[in-house]
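My questions all concern the structure below.
For clarity, chains are labelled A, B, C and D in written order, and residue numbers in each chain start from 1.
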């Protein structure tokens, strides 16, 4: 597929994700962490306009000079912007105008992509990966925003993405990795974000890692053994979170009599005990691991072992803080704000989820979120010591 | 005009107010005090459905049984409801569905209003006055919500309501009222809210009241003499408000060089010094009066004098707290929650404003708001002692 | 008693109130509304130093030039000061130094009071009344602060003030007051605060007022009939307060099995059902009245009837907002900040309480607090309509 | 020195630290992160009573059964406790009683320490290291609390601890460490906290580390080049901190004309440009490093290099998150709450400071704080890449 074909294929997927939404749904922002679909649609477009068209196409006329204020996310170098927690208040520009903005930019990109230079190809690649990240955010944000409303409206009877995979319980194995030095990080073949670089050596001690992530059924054991009411499994800040939020179940779960239900993009459905667990935060993942007697892998342990197991169903919390790799260099200019400045107080997740866009995953990918956040499709797999029986 | 004709005439005005809005604009709620237009449209309709159709029309089928949860404002006796500060999050039901709801209820009301009983006529009268109150709120809320957005979008080049009236400065006179007993309150001819009753005797001391409200030009003198930075004119809580908000001008005002501009429903326009001042809160009104050497009237003083001056341009802050009249009785049932339970921590405003619906004003009307609120069309007129020159 | 004798008699009472406290207790400030005993001791002294010694005694040397910053309460005209909610952080100056400050000022005052001018006598009178107000606050603040601590330490086995009076239940009568004009307010014989002036005419409608305040036993009927869980008795903001605080009992009350206990200055004791109710806020007082089918008196009704009943056991919430009387004039200068600037969002209480200093009560006295506050010795008496049986 | 001698020597140092304080100063708690001296005095004592006397001395009678509620810090397994941010409200028990508590426990410990078993020796060792940690906290908390007060009272003209060391500027060298595997962590000779274990292998890439920490003069260059107003040096959360706090200087610094002054335990003094920088948080340390073109070391880099430079003047922020070492095991019981549950959202500091107690430092020690906190004696040293000139 040519870059131009990939461009339109990816851009179309964004539209497909928003198709089931009403015009009003494009404005949903129940909490700061979530952005309105309208904003995602425009922000990803602004990225192409600001970093490519505006810089490299002579005589390009911006669609609307107020849009950078509306749709810049967090790039200090790109000027002032709408406060993040107030994106949902922007009823203007209208949704209709935002779809027109997408068309306008796509037309200009279409022209440019007929004979793109290397520099432009590189930037387009970043822009497409950026849009794919927002595609996953669109799905997680829509799910959260609909759930926040009374009576939990349904996104679609046939959502674009598949369900969490069910695992035959007998399939779990422990994969043993010997002590020694290993290489992790991106090796510069194909696209990667700056935070995956440089590829470097790490020293790992012997460990055993599970061949599959935790299932709903396994987590229900934690719930039913009183896991949410026993401080000893939790980090101190995790325990504070449990008490502040009165947490008793993963996000989107409800108990109806003895049955566990959870909200999906299709509405409320029974929890399948064999399906892979989703929507726990780092505190829950770590508490589960402690309760079970194991621990979460570090991101290096995860990456090294990832050739030996299947992954991609759910983002997997690791016990690694999001910090720069040895030799990491922040790029010059606004693109330098993409990753580096967030390297504090967040934990790394590895893998990919059912909501991750096609062709947007690799085993060196470093996702990262604050430890209290549950709204991503996030679960975990365990590591155990030699002698443990989990 | 028959009650049925009045019903449709008033209901139509609500639609006319919302006509210039985009679908998205129907969701605007930048602060708790302001409700989304969508919500006003549905809430006023729910009032007719819940208090009339549902109770008096046999076999009436509610449009949607979830609507009471969505659109009950504050009636504890009518059950649980959406939190007030989260009305703007309700993207569902869609705006389209809400307009359908209005049609559905109007059809049933149309039938009922062909031969209304006295009880129903009484309730319809309350429902129509209630809708008129929300018409003014729609205008004040839309103005506030548009102003809250970047670049201050315009409501309409030809808004439904006229501008603040300009006053020839020579026209101001002091009207002197002699000491003695007077009657105030509603005398039970024609519609009134329960808080205007009972008509009763008050004793007033001699006072002089201005024949016209304060103009922008008069308030500019306060601004330019440093009124917003001199504690001595302010209530203690008013001074705290000034400092917390860094208040320097009335709401919607901006200074461009030496010129005062203000946001109107037509967009940003120069302030006319002869026009009647709007959008000050009680603290500002009281500070202005103290700075000028006068005071605000009590509501009794206002009502007694109101036969001697013209009013209706702007809601006028009084120095009376919103409290029950002698002999006030809260009605039975949900309607009893309309007024009485708000009689604490609010100040009374008298008169009416340019945004008040036609035929919805009378000199016994008691409007009330918390003292820090500016978003109503609110100003004031002064009272002075015998010997003062203001 | 000469003014000089009164001065020392009143100043001594302040010391007597603080006598049972440990040095550390002098620092207690669990909430903003409450001030540390140390601060009361110094602030009342600063009042004499700043408004009298510093202005009228030639060559007077202030005890410490930093004290005005520490001990000015809210007088904007007297300069910057310590934030109110951070008075408890002032470990310096030490308690010892503050007692020395009192001695230093008292010595200078002693000299001055041998031959005081009329101006000075007037200011001393204000200063002594001011100190008496703080004596009551000292008692209410100490009670609150001790109760806020784990295990509720006792103030004293023999506190300076007597218990709430017990009332024989048969003693209650309804006193009927005929419709007509009455005079209220201070008539300028003897000391009064500016807010009690001017004496003026009011018009009252016929009412009946109880000869005694509500007792604990009467309030227990309200509690046990579910009063705290029935919205219909409450103001909207009162109901929000009930839910926010999970209010179920008056302040300082606890239920042990079936028994009602309450914290007193002597520690936890059983509630005497015949004793006069204390420590309810305006919301509770108004809800009780509504539940019982009566209402609170206005302050004019209270004052006019007060010659016909005994009062002084408990501050009685009225249904009057704290607003200026007709003809009220704020004094010039810093003393003008004493009362006028607080005339918003507060309700008037009348009478006096067991904690009020001797000779500091009169039937024109206007006390005032925000409606949610319970920590004063506050209760109420009821008014009823002609035809009601309460 | 015998364990018994060490016990009394360390316990005495705690008293010496508190000696310059007034009784009231023992109550200071201006912010949650800081505890009152009184509380430190009692909490360290409670540690010996609860974990040793109460468990191992037959017939031991606790000094006061309410003390565990007052003085338990965060041990969930030891029961309910006073909220951390309200320790300063505890005027009871009095300071005098707390000193009596120390004597009571010391007497019993004295007896026990004549012939301590191995188990007891081990627990006493933890208790003494625990007390030494609180000795440093006492000094940092007292400094912060005095500074929070108006007019910044002085702790002592001759404080127990020395000043920050001045460095000759020519003395700075870059120490180069070759790539390869290294061992870090505690090797189980002598006392260490659980978080320093197990000793394990790490792989380091080549780096150069400065022989000395950053000085005030070096940091002034950052300040004067506009470092606090240029977003590009800062983490996103760091930049938010700068703006929220309007940060412009390290904690305790003030600018008087052109001169930099800072608050010390002796009061306000001029900043010595050659002295080692103190009281910056992680955000400031990282921003300085980025501005200078270098970076902070990881804790492994710091520990490996620490044999080649002098340290101990200031806690040095590293770029490592506080996470468990490979093979880390949380101890059983309450002691297991000492470290592990805090391993989230905090950054590691290495070394020791002028406020660290004698004999309480080692190069494997892992100190940790949230990235926004400045009140510890905290600075940093830089690492640079091969080719950089810093």
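The rule is short, and it goes like this: contacts are C-beta pairs under 8 Å (C-beta built on N, C-alpha and C of every residue); 3 or more make two chains touch, one makes a residue touch a chain.
Keep in mind that this is a model prediction, so the values were computed, not measured.
Visitor: By CA centroid distance, what chain is farthest from subunit D?
Guide: B
Visitor: Using mean CA coordinates as chain centres, what's the gap between subunit A and subunit C in Å?
Guide: That gives a centre separation of 58 Å.
Visitor: Just curious, how far off is subunit D from subunit C if you go by their C-alpha centres, in Å?
Guide: The mean C-alpha positions of subunit C and subunit D differ by 46 Å.
Visitor: Based only on mean CA positions, could you tell me how far subunit A sits from subunit D in angstrom?
Guide: 36
Visitor: Using the touch definition from the top, which residues of subunit C touch two or more other chains?
Guide: none
Visitor: Does the chain-touch network form a line, ring, star, complete graph or other?
Guide: Its topology is that of a ring.
Visitor: Which subunit B residues qualify as touching subunit A in the complex?
Guide: Answer in residue numbers: 22-30, 66, 69-70, 82, 86, 88-92, 94-95, 145, 148-151, 153.
Visitor: Help me check something: in the complex, which residues belonging to subunit C touch subunit B?
Guide: Interface residues on the subunit C side: 74, 76-77, 181, 200-203, 205, 231-232, 234-239, 282-283, 286, 295, 319-321, 323-324, 326-327, 336, 341-345, 347, 371, 385.
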